[in-house]
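Every chain is named by a letter (A, B, C and D) in the order it is written, and numbering of its residues begins at 1.
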Amino acid sequence: MDTVNRLVFLLGKGLRDLGINKWEQGITLVALTLLLFLGLLFILAMFNVRQQVLSRQGQLSFEIYWDSSASLKKVRKQWDAISKKDYVVSLTQYTPQEALDSLSEGLGEVDLQWLKGNNPLPPTAVVTVELPKSSPRESVRGLIGDIESMPGVDRASLSSKRLRRASTWTRLSGRIFYPFLAGIIFLVSLIMANTFKLTLYTKQEEVEVLRLVGAGRWFIQMPIFVGAIVQALISGALALVLLKAAQNSLNQLLNVPPLWLELHFLPAQHITIFFGVLLGVALLSSWVAIREA
Amino acid sequence: MDTVNRLVFLLGKGLRDLGINKWEQGITLVALTLLLFLGLLFILAMFNVRQQVLSRQGQLSFEIYWDSSASLKKVRKQWDAISKKDYVVSLTQYTPQEALDSLSEGLGEVDLQWLKGNNPLPPTAVVTVELPKSSPRESVRGLIGDIESMPGVDRASLSSKRLRRASTWTRLSGRIFYPFLAGIIFLVSLIMANTFKLTLYTKQEEVEVLRLVGAGRWFIQMPIFVGAIVQALISGALALVLLKAAQNSLNQLLNVPPLWLELHFLPAQHITIFFGVLLGVALLSSWVAIREA
Amino acid sequence: MLKLRHVSYAFGSHWVLKNVSFEVEPGEFVFLFGPSGAGKTTLLRVLHGSLSLQRGGAHVAGFDLSRLTKRMVPKLRRAVSVVFQEFKVLPHKTVRENVALPMLVRGIPRAQMERRTNAICRVLRLENRMNLPCRGLSGGEQQRVAIARAVVTNPYLLLSDEPTGNLDDELSTRLLEIFKQFNQFGTTIFLATHNRRLLEQVPQAKVLHLEDGYCE
Amino acid sequence: MLKLRHVSYAFGSHWVLKNVSFEVEPGEFVFLFGPSGAGKTTLLRVLHGSLSLQRGGAHVAGFDLSRLTKRMVPKLRRAVSVVFQEFKVLPHKTVRENVALPMLVRGIPRAQMERRTNAICRVLRLENRMNLPCRGLSGGEQQRVAIARAVVTNPYLLLSDEPTGNLDDELSTRLLEIFKQFNQFGTTIFLATHNRRLLEQVPQAKVLHLEDGYCE
């Protein structure tokens, strides 16, 4: 047999060997699948929490009040200017008339239209800013200072307490997700490695005899690697299928009024990383196990 | 040796045997601890989600508007009457003056006090009702009908859509939690049983020899049971410690403005059940493993 | 002590024991002599309750094998000791622990256990291997551990499968002397072997010939 | 083929081989004769690369054991076959698979593998056990599988540890004949035993006496 033939043979042996200890292999497959499913569910949950947090937090809204006497024309210009400033993501403006309408609606459609001619409300705007990672407080303070110094602006209301809270969250958010993710991957890897290691105990005898009759490193390790990879891939795929099913049924339960929580599935990129890590762990743990065998 | 002595001896043997295959036992302990931790974290998360859901959902609020012309004295009586009705949990009332104050505050402390003498706002109230499990829609509809038929009441605003959503959730909530919990416990049990089973493969040889020299069932099984129980208890305890640590650090991260999410620890009752299930699984899986050995 | 009537045993469709009948009185010294593959080990496994009786009837040390329940097997094994062909010693336990194992199972007091273990190990020249784990023993040493473990409980009946395969001439002779001694104190010895020279060393012994599953 | 100079080996502080020196020419038939516990198995394990050389120098089939790296061990083992005292057959594989194993490892074509396996099994009277898993074999049959596995690759040097412990007289004689045949075709035979009668059957053989770790 030449090298290619032997390689093919060893790959085949790896696959055929899976059929030998059917019971142990079955156990391992079930255990891995469930474990990976559990881990993925965790990651899915965290991913969605982060999505929610990112879309809601890390941003800060504050209101600007103009003097009731300010000319609406000037104010419109200032709105334009503000919405072009750094960090500003969006600006929702209310003319006194719009403010009155929205107020009237908020009160349960109480008719306030009789106030129209004598509108007590000033022009207002709600500004949403994206907090920069570095020195968020100072930047926003600067922005507010700028705005307050504009002519006609009464005040921009942002308590320093609210600012402090938001910037704290922004800093934390980036620091939680990835460490937590790494933690979960680590935990799952450890359990997976243990499961593999225990399974390989059942192969120890064969490995010993193969060594004694002169088998080289590759002859011994290739089939075991192939077996581990196949198991990892199958259980990974099964776990993903389970995850998709879980996501669907959870969506049916959660994505209803009044929760409207939609669980997004993991993006393709995450799934690629998942399989990468899976293979890595499979190879590593089986390698460790054979080394000691 | 009499029976008690032998029992003590076998218990001791179970403990001492743990020291023999240190490596395998260590692996098992780590694997079990991490697994249980993962499972508990899940249960903790679900428990807290349910707590949140229960405290927020299953209840429904709607507003009642009186005619602007209604006499405040009569209205106060009606408030009393409503708050004593079935299903009503709480009632927050607003006299026109209070409504104006709260509106003024909501608008960013714009001074609306000049409207005082000529207050356009009617008396209002926000009623919170607990949805009954059986026919929630009908009961609430009845309640609203009652209220709307009161003299002076303009309307009670509850869209039938909002009502449908809330009652759906109430029905689902009870059906999700326990099946999900059972699912998780089942998954964890399965992985745990597998881990035990794989570990016991390393004991097969000893069990065989013990059988051959005439050891009875108890002599063989007791030490293995004791070992399994000790491992289950230790890893369960470790997992709980980890869980407490995780809860604390998660609380430090989540229970800050603007999230204000407080994670509650599992109640003592749940922990008792946890250990019960743990012991059951440990005994069952080691029993299955020895039977076949 | 031993009484077999038309015992047959098959693995699948391959009949290994064919209509084996014989009787052994208490206190006898019996050789089961036969070539490799004759069915000696299979017969011993049947007598020891490792294989359950398929056809025929057998009484061993007062136990009726055709009515042997699972719960009775440990009791049978405490009355009948075996030296296995593959030794079956626990490799990670010491010689002392391996030899003491059957006494541990029987709940014999510690002091007596110590005394007997030491005595039998001295006789089998294992005295300076006592605290070594069995995986660190030579083939012959492991075989002697297996023998020590079998005789240390002073059994009614000793089944022994090829106990001299890994022993040199001197040790073989010595071992037979030990068996003869136990035999004199009342233990029935039933010794499976293919070694013709062992037979010559115990002229008073009864010899059963097993060949291809048939016994005469 | 074999050349040992002052080889000593200790497990811990217990010296099992003491200053062993000898030489074996290619094509010789050598008995390593010694009582149980003399160190025969230990010596074979050193020659086979299972135990690494502690003191002295040794050349085996062209390999210098004092410079043997981990990567060289498989190569040494393909040149030197061993029959182990405990057989070391894989219980869940069939006789055919066990015997073919060393050829599989060497990448010998399937047809040739089949042919050789069948031939050697016929010689060792295993032909109607070929497709049975080895756990269903008698002691002597397993020993013959181990022997078949060792000689099937036509090794330069055959190390054999007590290969007749579980074989009856007829099979022992037959086995020695097979060894003699291989020897005539050029294989060097190095046979550890405590059985004096084997020596008598190969008068032309060289005998090395090993006792308590000393070799003369």
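The definition used in the following text is that contacts are C-beta pairs under 8 Å (C-beta built on N, C-alpha and C of every residue); 3 or more make two chains touch, one makes a residue touch a chain.
What you see is a predicted model, and the numbers here were worked out from it, not measured in a lab.
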{"item": "Chain separated most widely from subunit D, comparing mean CA positions", "value": "B"}
{"item": "Separation of subunit C from subunit D, taking each centre as the mean of its C-alpha atoms, in whole Å", "value": "29"}
{"item": "Inter-centroid spacing, subunit D versus subunit B (mean Cα positions, whole Å)", "value": "67"}
{"item": "Approximate Å spacing (C-alpha centroids) for the pair subunit A, subunit D", "value": "61"}
{"item": "Whole-Å gap between the CA centroids of subunit A and subunit B", "value": "23"}
{"item": "Where subunit B touches two or more other chains, by residue", "value": "none"}
{"item": "Graph class of chain-chain contacts, one of line, ring, star, complete, other", "value": "ring"}
{"item": "Chains touching one another, given as label pairs in label order", "value": "A-B, A-D, B-C, C-D"}
{"item": "Partner subunit A, residues of subunit B touching it in the complex", "value": "24, 27-28, 30-31, 34-35, 37-39, 41-42, 45, 53, 57, 63, 65, 99, 103, 106-108, 110, 112, 114-115, 120-122, 124, 157, 161-162, 164-166, 168-169, 172, 176, 187, 190-191, 194-195, 197-199, 201-202, 253, 256-259"}
{"item": "Subunit C-touching residues of subunit D, taken from the complex the two chains share", "value": "11, 34-37, 40-42, 85-86, 136, 138-141, 144, 161-162, 165-171, 194-196"}
{"item": "Residues of subunit D that touch subunit A when the two form their complex", "value": "48, 50, 71, 73-78, 81-82, 84, 88-92, 101-102, 105-109, 149"}
{"item": "Complex interface listing, subunit B residues touching subunit C", "value": "1, 5-6, 20, 205-206, 208-217, 219"}
